[in-house]
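Let me give you the structure first, and then I'll get to my questions.
For clarity, chains are labelled A, B and C in written order, and residue numbers in each chain start from 1.
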């Protein structure tokens, strides 16, 4: 069953493999400039209760490019919520002003409230540490662009896997494809949460690894999320070599390895990597606008 | 004498009954999508010195819909006023950049400065607790939509009448119509200020009521503004039944009563009312964009 | 050699006299409404790390008028820089989203980083106290408009010359013209820095003056930048008469003197001057939009 885009995009689990590959064809066309200005006369609301620039700006540009007006709520703290208004009322009122509502909130329940009260299709632009579906579509589009669809590939996912919503959505998206192998590389205490791991274990082959160097040669894709120093109680330095990469470590990698990252990065992905042919994270970032254009177009076509 | 829109809209007292009804025809057309893109090539400045989302966003969407560019000053604290610039200079400079200036400021004198120095038509989007003319046009447009013009109707206005600019503009607007009766229901200390009451007393029949339950059956329109807990020194709880509504209280209301509210609401208007046929406040909110479009169109036509 | 606009505009020293006069013809046309919508389909990024309204809003309006979409980063503190991202990465990512990047930052090195990493033409909208090239073009366009090109004119520049980037760019721009004479009028400690003065001394005739009254009758242009009280350790009052103007002082000025100011102003330029025919600073401010339109058009034409 294919996804009904008229409801928006609130979880990556709504999409199946066919939906994703169909969306990617649309992204190809957006990159080539072959798209209709289907947004003309439409208003697309951007309501970010957590700071965001990358996601917000790329949605703003995407909305503009397809002809729509991006209505950005720059400072939700000035919303009437501060006067005691309920989230339900706020969503109802904002839904009045727009044709699609893009929402980021730290509480995953807010997305469900938006679906119920906004009265327009909702896009989840990040809900707590739980989901970030549009980011995972950008991630896999990058793979698709360089290697075709991800069937049969081996992915290393390195960093703070516990707190990264990008990682959660990425793994959920990878379960839709065939014979994907996952190598999870994270410091103790920052592994995937047990309930989440249980929920996907039957759908994808995964293995937990304690040092990137031991498996670097096996990977087709290395996906790196940042490690925040604040997460470490002590001995921060000893993790540096096991959970970061360097030109040295990459000497053993496949020639066509794709190094991806949702960015921002800190020490785990040093600038000395940037000029290597495997480094694709800036190209990946540049796909933010066309992937989000394709999502908006898919929704507007379904209305 | 009809209103000269080329000066903008700074007080509801500028409009007479004919102006209002003419404007409402224009709102009807905006809702039907029958309007010219008269704003093309125009810039509409939004300068809000007090927080606002509802009013600001609906003006922003309204400006966009008629083809104009909304130039939003998101954080007036970054204006050169913080470098010691006078309000007069700031208004002069901003007036340079736009064709209409929409202004909210806690000091009513600022509206008068804008008229003098901005050099473009000014719209009052809220001046202290004194006036909020565009809100009152939305309020009465809602009445007009469901009951025709408000001649002969009985209005109950409940809540903090002392501090609500929406209430002041609404009452001033109602004086333009014939045989309107006002029932004012507010806790001690939050009644209409004496000077304001004196100023309208000769133009409209009004009565002060101490409990909504005693007159609910007489009302054609019930307009509810929020009561802030902070305004009460003590015994906040004892006011709840006298100055809030409930499905119980509404059992005695007319079938075609219209319940309106400028929103946000807190405890005085509970969500248990939302599904009653008398509850019109969300529809009222949805008229924010077309009423403001009609105001902008009226001004641009007059330039 | 004429300026290659495809690189943007990062220092006024990039332009020669011919570039400037050619740009001014374009400004004339922008004022008359004779310009192409060359920005259609383009995104112009505005990234201001220091507060700005005047420069930001006029660039925003200029971008819109030529058909482009202004992508404004309203609160750079929400950028991923706060998550430890390097300025280089931030500039790279933002460069992805836009066709021109307009940047203000207190550290002049950031402009050089933007040139290197943004991958799109960069406009310097103010770098520390060093440069503000677009402001100086507005200043000299105002002179050009009223007196033709500035060859042979005598300029008085009064105020805090040490900290004003507008003054630095203005003087650098004036060195491109012939026989300009500079009279610098500033309190002790707020004179032009020695290295800057040395760097321009061979290219322009300059003289330091301790009281505006002694040379007011010689000036063709008087350019006034504000004096902040905080800069003075003591005896603030005694400077008032030497470094501010008044109708009294202006009794001795030339009839066709142009009084200019980048604004905002404080006490050095009192409102009692505003109605004099010599006061041109509000007209000067109104040239902000067309001058910035002409700069954007020049860059887009060169791409």
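As a convention for this text, a contact is a pair of C-beta atoms (placed from the backbone, for glycine too) under 8 Å apart; a residue touches a chain by one contact, two chains touch by 3 or more.
In this text, all values refer to a predicted model and were calculated from it rather than measured experimentally.
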item	value
C-alpha-based rotation, chain A on chain C, 0 to 180 degrees, nearest 5	120
Shared interface numbering between chain C and chain B [over half = same, under half = different]	different
Mean-CA-position distance for chain C and chain B (Å)	42
Where chain A touches two or more other chains, by residue	74-75
Contact set on chain B toward chain C in their complex	41, 43, 69, 71, 73-75, 78-80, 82-86, 88-89, 92-94, 96-98
Of all residues in chain A, those that touch chain C in their complex	51-54, 57-58, 60-61, 64-65, 74-75, 226, 228, 263-266, 271, 282, 285-286, 288-289
